[in-house]
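Listed next: structures, encoded as structure tokens.
Below are two complexes that have subunit A in common, paired first with subunit B and then with subunit C.
Showing the complex of A and B:
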């Protein structure tokens, strides 16, 4: 039963993301267009590029989807409403999302085309910039909860949400999450303006549908992670826990999908410089501060 | 949809899918969305989504009649679209070699909406058909050529062996047609220095006469033969190894000295050493296995001074997977023998010293971030520009012979869809100068106002394209909407919209992180022949309007900026929009230039007009009231030659920003 509810939430969440993204990209809010696009994609040819690396080309969208689904599995919507309540949930999330890099490089390599390949390798560079900023803020969150279990992390925020307890970590994690989900302004691997679709450029039909769905699941997983780690998960007054989780996730996805489009796409070199010269010292400072607070104050 | 339908019986499910497709039309615009906007088409309002690549489109939208080269390129783009696909042609006289359009209309917004309604019906009914015809055109023909995995410069039309190393050539698809397609085809770098023998086979010519020699394959060291010949696994020439005397089991130093002392090619060759493809620091004088990873050592030419060279840079990247660039892998070649040390040895190294595979990627003529019709072929070294080839697919000389002045003005304006008013003005002025007539002050001022209105629209159109390129979707939408609302607006409407336009430009300048993205990019050195906003953005007072009595009367003064980079050009264009708004307000009247009746004039006339991209120059020659020749120098001609230097060694995104900031128009450029 809980699995069914979770799957329903996942489906609706992914659809919501498609609606918001359509609104952000095309300037029109349409509840039906994503459904039409999806149906239309299923009717189109799934073309193969000229001399593809067939295995990589076919496997990449599926791998991306699997990585997203695995990450979703450890996000709790409410106490007991979680697919897998692992003791190492936070670590598992991180491990699952590591395959996003693999999948994107495969997607870039597979079709044997210039745009896609540059997009794939660009994401490798982007990974180097965001990877530490996913792990290090999670470390600080786990320090406070004294557990890597995602449900324990939520309950540890009963008195004070982590967004207030460790705001620095929150900001870094959100930015890194946008990098991981290649959302604008960190959409370097598919950069519509300078790579004409990049890693997505050679995918058509069903494969493209899977690729786009996978990306939505990843965005959803990351929004769930942000809510779980920083925004108190299901905690909230009046409404049932799952409702709070869903509301918070929708707000987070909307912010992630829309705000980044107000700034130009970040240059790869600038992204790497910011990630390493600024991001990592700040993440270390965050861990240090959280450690000091955890020792001194009892919340 | 003869060539566009997908095979399948029209079942209920397929009807449903076709219905969804008809409502989810995604267009790939040729020559480009810049031209569509300049022609007054509001694609978003008509309900068309734009695709960045033909792979994601189901409608090929043809805007206006395309020159032949561009039609060939459009054919390639059409062939890349997944079926079901359709063609929507607006105001296009001829489409061949493209198949016939599925819906047509005049080149207006009304025409677009009506044609789109037709197209939706066609798609809903014809997306699936029981019998479909494959689409084929000469522009799509490819041929198979054969190339050596180790020596990409070796290209042959027939299968065979590589003349350099003897390996079996591998088949590779190559385009038979010349026009640059949208689709990037990875091609082997044709920029390698001429055949330099690989170290691995450097000894192949030195057969030993007296001492017993053995032969081995540079790729398959387990292949040992007593006679020269070809490798049974890959067909490469076997190379001699210095055979150890039979029964001699020692591996100590003495053997080596002994061996080298009596070597038959001491004088002319460097001694053979062996190294591990993965661990270049492992150097051995004898073949064997790597102590670190167990791989077979491969022979190298000993270069004592070069042990720490760049050859083993990990960034050598994907070249190692020969199967990727060349097609099917050859049976029996184990990939790890494609050692990076060998494969990158003769490759050109870029400024950063890293040796990477060079790939040639076409950007354009329909690339979403560049002006439509501009074919930019970039050779990429990793993601940096190693070589640039620029080509206009919409250029060529101006046909004028025998035209009447009125026909010429229309024709000339249509040949530059991005600045039609300025070119009308240019043609009218040139014709009037030939006839030594001049319009009255009021007409001249009204014409100037029309040129200024187009400047505003053109700069906004540039801003929309530039915003799309840099990922600023909101800015693209707003700029496009403002361009469409202003480019045909009368004076009072322009005045009414001026405040909101200024507010928009203010917001554009204040966009966060714009400085980080643009500052310092695309700088052109001093003394280069720059014109128009690009020149003024670096402080050069270059403006054909200066000194023109019409503009003097309107109080025109040249606006210049400083910096000369992409950011300065953005600011410059924003400033010029503001200035043009003022000029129009002062002119109070606006009329698009119309050719006057100049009678049966014989003579020559010339004119220069400051178009949105800089000064354009036209010389016309008339005989008895008809045109004989017209010589046109478009403003972008000055900038196109600067491109290669401008983007050399830049990262691809930076390079495209730099190109975009120049606001090139490929229309009318010398072919």
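Showing the complex of A and C:
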């Protein structure tokens, strides 16, 4: 029963993310647009580039979807409403999302196209900039919870949400999450306007539909991760737990999809410099501060 | 005992997958395919850890290899003349030497697995959260010195390699 609820939530969540993204990109809020685009994509011919690396080309969208689904599996919506309550959940989330990188490199390399390949390798550079900023804030979150289990992380925030306990880690994690989901202004791998679609450039029809769906699932997983790690997960007054999770995830998704569009796209070199010269020292400072607070104050 | 039968099945399955991807590393001509085959071979080993209920080690292995092998793929593409394998570049070198070295390695591994005294099999495995805790205590206790010195060695060699790789700047402007 709970698996059915979770699958339904997952499907609806991915759909709503597509609705919100359509709203953010085209400025029109339409509940039917993603369904119509999906039908259109399924009806269209799925072209194959000349002399592709067929295996990579076919496997990449599927691997991306699997990575997203595995990441969603450790996000709790309410006590007991989780697909896999692993003891190493927070680390598992990282492990699953690391394969987003592998999938995008495969998607870039596979179709034998210049724009796609540049997009794929660009994402590897972007990964080097954001990867540590995903892992290090999670370290501080796990330090407070004294556990890597995602449900334990939520219950550790009963008195005070982590967004107030470690605001620095929250900001770094949200920025890194936007890098991971290649959302503007960190949309270097597909870069509409300068790479002609990048990793998506050679994908059409059904394959493109799977690729886009996978990205929605990844955004959903990241919104879930932000809510679980920093915004108290299912905790909240009056409403049932799952409702709080859903509301928080929708708000986080909307913020992630809309605010980034207000700033220009970041250059790869600037992103790497910012990540390593500013981001990592700040993340280390965050770990140190959280350690001191955890030892001194009893919250 | 159906659980252990399934465990054995998946252990063998992922073990064979690891070996198969290891063979693919040398059978393909494409650098990127080669690197990613190595990645999936290591991922299969991570899955073997998971089957053997070493959850933390398995997840860590699966996570680390994805990033390491992708970076390696980038370097292979950067330094090789024929990264896509379109020119059917020969991937193996010094065949006779590597065959002998591989044979010696195989014999050594078999000898260790047969001759070593493995001690009695563990009767019970602590649950995953306890494993994480035990590993943390181990890393911050007895094994701390080894890990710290290994980390420092790697950091030093990375800085040294970067220093060597930077082209010296010519006096009077320009690089």
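Assume the second predicted complex is superposed on the first by the 299 of 299 C-alpha atoms of A that agree within 3 Å, B and C clash if a C-alpha of one lies under 4 Å from a C-alpha of the other, contacts with A are read in each partner's own complex, and residues count from 1 in each chain.
What we mean here is this: a residue touches a chain if its C-beta (ideal position, glycine included) is under 8 Å from a C-beta of that chain, and two chains touch if they have at least 3 such contacts.
Worth saying up front: this structure is predicted, and the values here are computed from it rather than measured.
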item	value
First, second, both or neither for A:79, with subunit B first and subunit C second	neither
Partner chain in contact with A:147 - subunit B first, subunit C second, else both or neither	second
Which superposed partner A:88 touches (first subunit B, second subunit C, both, neither)	second
Partner chain in contact with A:109 - subunit B first, subunit C second, else both or neither	both
Contacts of A:236 with subunit B and subunit C, given as first, second, both or neither	neither
Subunit B versus subunit C as contact partner of A:291, first or second or both or neither	neither
Subunit B versus subunit C as contact partner of A:121, first or second or both or neither	both
First (subunit B), second (subunit C), both or neither touched by A:98	second
Touched subunit A residues, subunit B compared with subunit C	B
Touching partner for A:268 - first (subunit B), second (subunit C), both, neither	first
Shared subunit A contacts, counted only where both subunit B and subunit C touch the same residue	53, 109, 121
Complex contacts: residues of subunit B adjacent to subunit A	6, 14, 16-18, 20-21, 23-24, 44, 49, 52-53, 55-56, 58, 80, 82-84, 127-128, 172-173, 182-186, 317-318, 323-325, 327, 359-361, 367-369, 380, 382-383, 468-474, 477, 511-514, 516-518, 651-654, 656-657
Residues of subunit C that touch subunit A when the two form their complex	30, 32-33, 36, 39, 55-56, 59-60, 62-63, 66-67, 69-71, 73-74, 77, 84, 127-129, 131-132
Parts of subunit A lying in touch with subunit C, wherever the complex brings them together	53, 55-56, 86-88, 91-92, 94-95, 98-99, 101-102, 105-106, 109, 121, 124, 127-128, 131, 147-149
Subunit A residues touching subunit B - in the complex, by the definition given at the top	24-28, 33, 35-37, 39-40, 42-47, 50-51, 53, 109, 112-115, 117-118, 121-122, 184-185, 187-188, 191-197, 200-205, 208, 261-270
